[in-house]
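Each of the next two complexes has chain A plus one more chain, namely chain B in the first and chain C in the second.
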Partner chain A sequence: MSHHDANRLDRHAYIDSVIHRLDPRAKVVATFVFIMTVVSYPKYAVAPLIPFVFFPMIMAIMGFVPMGLLLRRLLIASPFIVFIGIFNPLLDRMPMFHIGGLALSGGWMSFISILLRGFLCVGSAIVLIATTSMPKIAEALGELRAPRALVVQLMLLYRYLFILLEEASRMSRARALRAGAGKARIGVATGMISTLLLRTVDRSDSVWQAMQARGFDGQLRAPRRMKWKMKDTMFLLIVIAGSLALRIFPVTRLIGERFFP
Partner chain B sequence: MHMADALLSPEVGIGFLVASGACLGYSAKKLRDEGDERKAPLMGVLGAFVFAAQMINFTIPGTGSSGHITGGMLLTMIVGPYAAFLTIASVLIAQALFFADGGLLALGCNIWNMGFYPCFVGWLIYKAIAGRNPSKRRLSVAAVIGPVVALEMGAFSVVIETLLSGKSELPFGKFFALMLGIHFPIGLIEGLVTVAVINFVYGIRPEVIKVNLGLGDAYERGKRSYRPVIITMLIAALTVGGVVAWFASAHPDGLEWAVGRMTGSNELAAPHGGVVDKFGEIQKKTAILPDYGFKEPENAPKKEGEGEPHWPQVSGGTSLSGAIGSFIVLAISGLIGFALIKIRGKKPHEH
Partner chain C sequence: MSGAIVEARGLSYTYPDGTVALEEVSFSVAPGEAVALVGPSGAGKSTLLHCLIWLLQPQKGEVLIAGRQVSKKTLKDVRAQVGLIFQNPDDQLFMPTLYDDVAFGPLNRGIEGEELDKRVRKAIADRGLAGMEDKFPGHLSGGQKRLASLAAVLVLEPAVLLLDEPSTNLDPKSRRQLIRQLDALDSARIIASHDLEMALDLCARAILLDRGRLVAEGDPAKLLADAALMEARGLEVPHSLQPHRHQHVPRSHRDG
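This part shows the complex of A and B:
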């Protein structure tokens, strides 16, 4: 698990752009609508899914999300999808898709479809975090009626996430310097995890004291309320209408038929 | 073991989101009733700890590969089931966002598979085995069995979710044997590391462990004798696991038969009757253009030579126009992308 990429995604969430300025609630709901539409296609759908590239692409470009980072995360995220999906071409050999003399089996079609879905869904999730930031997503979830305890938990987790990741990587580096390259033995790793746990608990004690000193009562208060603006309504409407339109009309095929009647 | 958006159907995704959401709401309520505000910072920091602990990779004895702990059972033993469930859920949300593990729709499934089982089932197992005044031996046994059971149940859930969604062609028997076979040793190692960490921490800061587990004098007394117990346990578990795995791989048909009996259909991937058919009906009713090509029932029975074919009949013409359309859309998106990059201006600074 590389925490450098996560770190970059996190820092990127604090720049300013058209996409960053949209209301977090609008972005969370739009991303969810988008993902629901993508996964609602039947399993052999490939061509109809392609126009959906526009949503994450436009969001990523206008939000200045670094493309290299986005692509690398997409590739790293795919092993499990590939692992499960690769059985489709092996098991489903019925020819299905013909161009000239070339025939593609149903299994390959559904495998390509799975990969495409993966890229679209994971891509939109990465774009969401890179343009919204974790605290704002947590707040948005709270506004959308998620339990208060979960919102507080997400915010506290986020606050200590990178600190503890740094701590763990320092410990790993220290071990590597003493023991040479290669992975730790299981006993050594257990010791490291235990030490990390003890330090974590100690940290939680001091955090608790600091919070008490500041009058913590089980709630974390956002510095300012979110403001829903006209452009947020517009953005959400465009995403919903666009997703529905693509779902209803086979745009890709219609365009293809225009050029190849 | 992260379930992915790409393998899910909307019905399964939403179903598990609702189930996990209900559990989250219940856990949040339970925590509020407990009224222990001190838990809030502990949970937050422990969530970050789980992330950090997953960075510490170790070699798995006997194999060339390496792994890390998932920490579900460990959290449950330190803060109790409700706080642990909320913590795991938050970890999975952060993983879905920062590390692109799984996806947002799959969160419901993932919170269920990796949160519900270790936290609630694991806790029940711990309570049942360790009892009120646990000895070191009982605690160790519980901490090993808990993760094994939780991981196997989670793996089983992944199989069920994948098959109900109908995006994968994997047959139930083989998929079942594969997933449960892989996760058995993973669960064992998770359990052994959990025991070791609990005991290590107990040696230095007993109060951290004592609070939730209610450890008493028996724990101290049992200090010497837990090694042989673990070894016995390991052998027993391996034997049982081996037998199950052998049975599963040797008789997939038997398993399919058993599941067929349970669900009233022979193959989960393409069932008629039961849940999937219900969803199918709902889908048909809610379909905007029911006669349209893409609404073709993908769960139609796979019988050759009679009735409807398994997948929508595609003629060469539509295939080709689909392919050409795809390339054109991709080209257009590329052009628009370049245009947007040109007009968007310079990257603003972080602030």
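This part shows the complex of A and C:
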């Protein structure tokens, strides 16, 4: 993730839209329900997962999340998702599905299912961050009685991530000015990474001192300003009902039978 | 000094790598007084500010804030009376919105509800930042960040304000605005700075540090005008105190 991308995603969380105006707690619970529903499908499920694409898509469109940014972030996560299922086609070779003369094995089906689930879960999480902001998510988790240690860790991780990215960006500029824009040699890159770590630790120390100087005692307190409105209840009900309906009723099969008898 | 709001007695601090940052530094500050802490880079100015509220615990000496000795037992109460403005405002602003950042200190002191809201909005408005409450502090300009960090500390109404290079990276207008704001405060102020003109504008007393030692103390107009003393410490007499001020002539227009 580049500093520029992180900043863009972060800045986007502070714009105004219908989705941005929803209570962060509603968005956190809705995303959680969505992810739980998606991962609850059997391992070979592919077609039933397709309608779930609409949730992150609609949220992204209504929240004005730039598609390029969303796709770039998904691309960053893709190696991890691919790695989880990459060996399935080798381990499970039993034919399960036929398209014309081509037989798809169970391994390929489960691999595609993992890819789809991974992109749906990561995509919905990215849209949540882009329309809510990480600090508000942490605050919502606190309000939802998530473990305090988790909330503080999340908040500090977010803050320190930006420190790390800022330092990395400065160092990279300084290197490029003196060594051209080409890639750094391994020896130089290793030295830069260790310097980056030391500089980040120094800056993290300063942030920690600033927090201590203002009475921080390990508990992150935020002013209680979240107000639950009727639209939040409606939004949550629609997401829960939609997710359950898709999970219970075989929508894609019914559509298939209706149009391709 | 009796009735001092800050009293440092024989403070010494050595960093874990063996660098001696402070050696037997003693001074006191009266309530409402503004004191400039000047000296070359590495003189120990920032370390001294951090030692006063035990962000760095001095190995020798003691600090008294409003007559109470700073110790592990009294640290929470002492820090409630002292506000520290860091050199880099980005280090100080860590919450998602300006409002949340200014509210961070009062919430940690148990202030909530309407009282919190009133205090936070006033602190923000007093610094000229009204209307920016919901902005992410990281997106403010340099001058606004400095004022925001000031708001985040002044909301606690500290009796003592410690400022570490407050005018660094400010444009002339923001610097002037900051000086006006600092001048209007009732708190005692200890201002560590290389900006000697600002020290002259704001402070009734200056303390000169060099290599961790307090080497001189007195009226800034006299102390900072002492060319021999200043040059020996790697400093320059501020422009406004130089006796023969000529109109600036660019090098390219000078004879020879």
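The rule is short, and it goes like this: the second predicted complex is superposed on the first by the 190 of 261 C-alpha atoms of A that agree within 3 Å, B and C clash if a C-alpha of one lies under 4 Å from a C-alpha of the other, contacts with A are read in each partner's own complex, and residues count from 1 in each chain.
Everything that follows uses one rule, which is that contacts are C-beta pairs under 8 Å (C-beta built on N, C-alpha and C of every residue); 3 or more make two chains touch, one makes a residue touch a chain.
It should be emphasised that the depicted structure is a prediction, and the values quoted were computed from it without experimental measurement.
Touching more residues of chain A than its counterpart among chain B and chain C is B.
When both complexes are overlaid on chain A, the residue A:E143 reaches neither chain B nor chain C.
Of the two partner chains, chain B is the only one that A:S110 touches; chain C does not reach it. Of the two partner chains, both chain B and chain C are touched by A:Y14. Residue contacts after overlaying the shared chain place A:R221 against chain C, while chain B stays out of touching range. Legend: residue contacts after superposition of the two complexes on their common chain; A:A213 is shown touching chain C, with no touch to chain B.
By the document's definition of touching, both partners, chain B and chain C, reach A:R203. Contacts of A:R159 after superposition on the shared chain: both chain B and chain C are touched. Shared-chain residue A:P135: touches chain C; no touch with chain B. Counting contacts by the rule stated earlier, residues 10-11, 14, 134, 159, 203, 207, 211, 216-217 of chain A appear in both its interface with chain B and its interface with chain C. Residue ranges on chain C touching chain A, taken from their complex, read 50, 53, 55, 76, 79-80, 82-84, 86, 88, 90-92, 94-97, 99-100, 103-105, 107-109, 112, 116-117, 120, 134-136, 138-139, 152-153, 156. Chain B meets chain A in the complex at residues 2, 4-10, 13-14, 24-25, 27-29, 31-32, 37-38, 40-49, 51-61, 66, 69, 74, 86-87, 89-91, 93-94, 96-101, 103-105, 162, 166-171, 189, 192-193, 196-197, 200-201, 204-205, 208, 288-289, 293-296, 298, 310-312, 314-316, 318-326, 328-330, 333, 336-337, 340-341, 344, 347-351. Residues 10-11, 14, 133-136, 139, 159, 162, 166, 203, 206-207, 209-217, 221-224 of chain A are the ones that touch chain C when the two sit in their complex.
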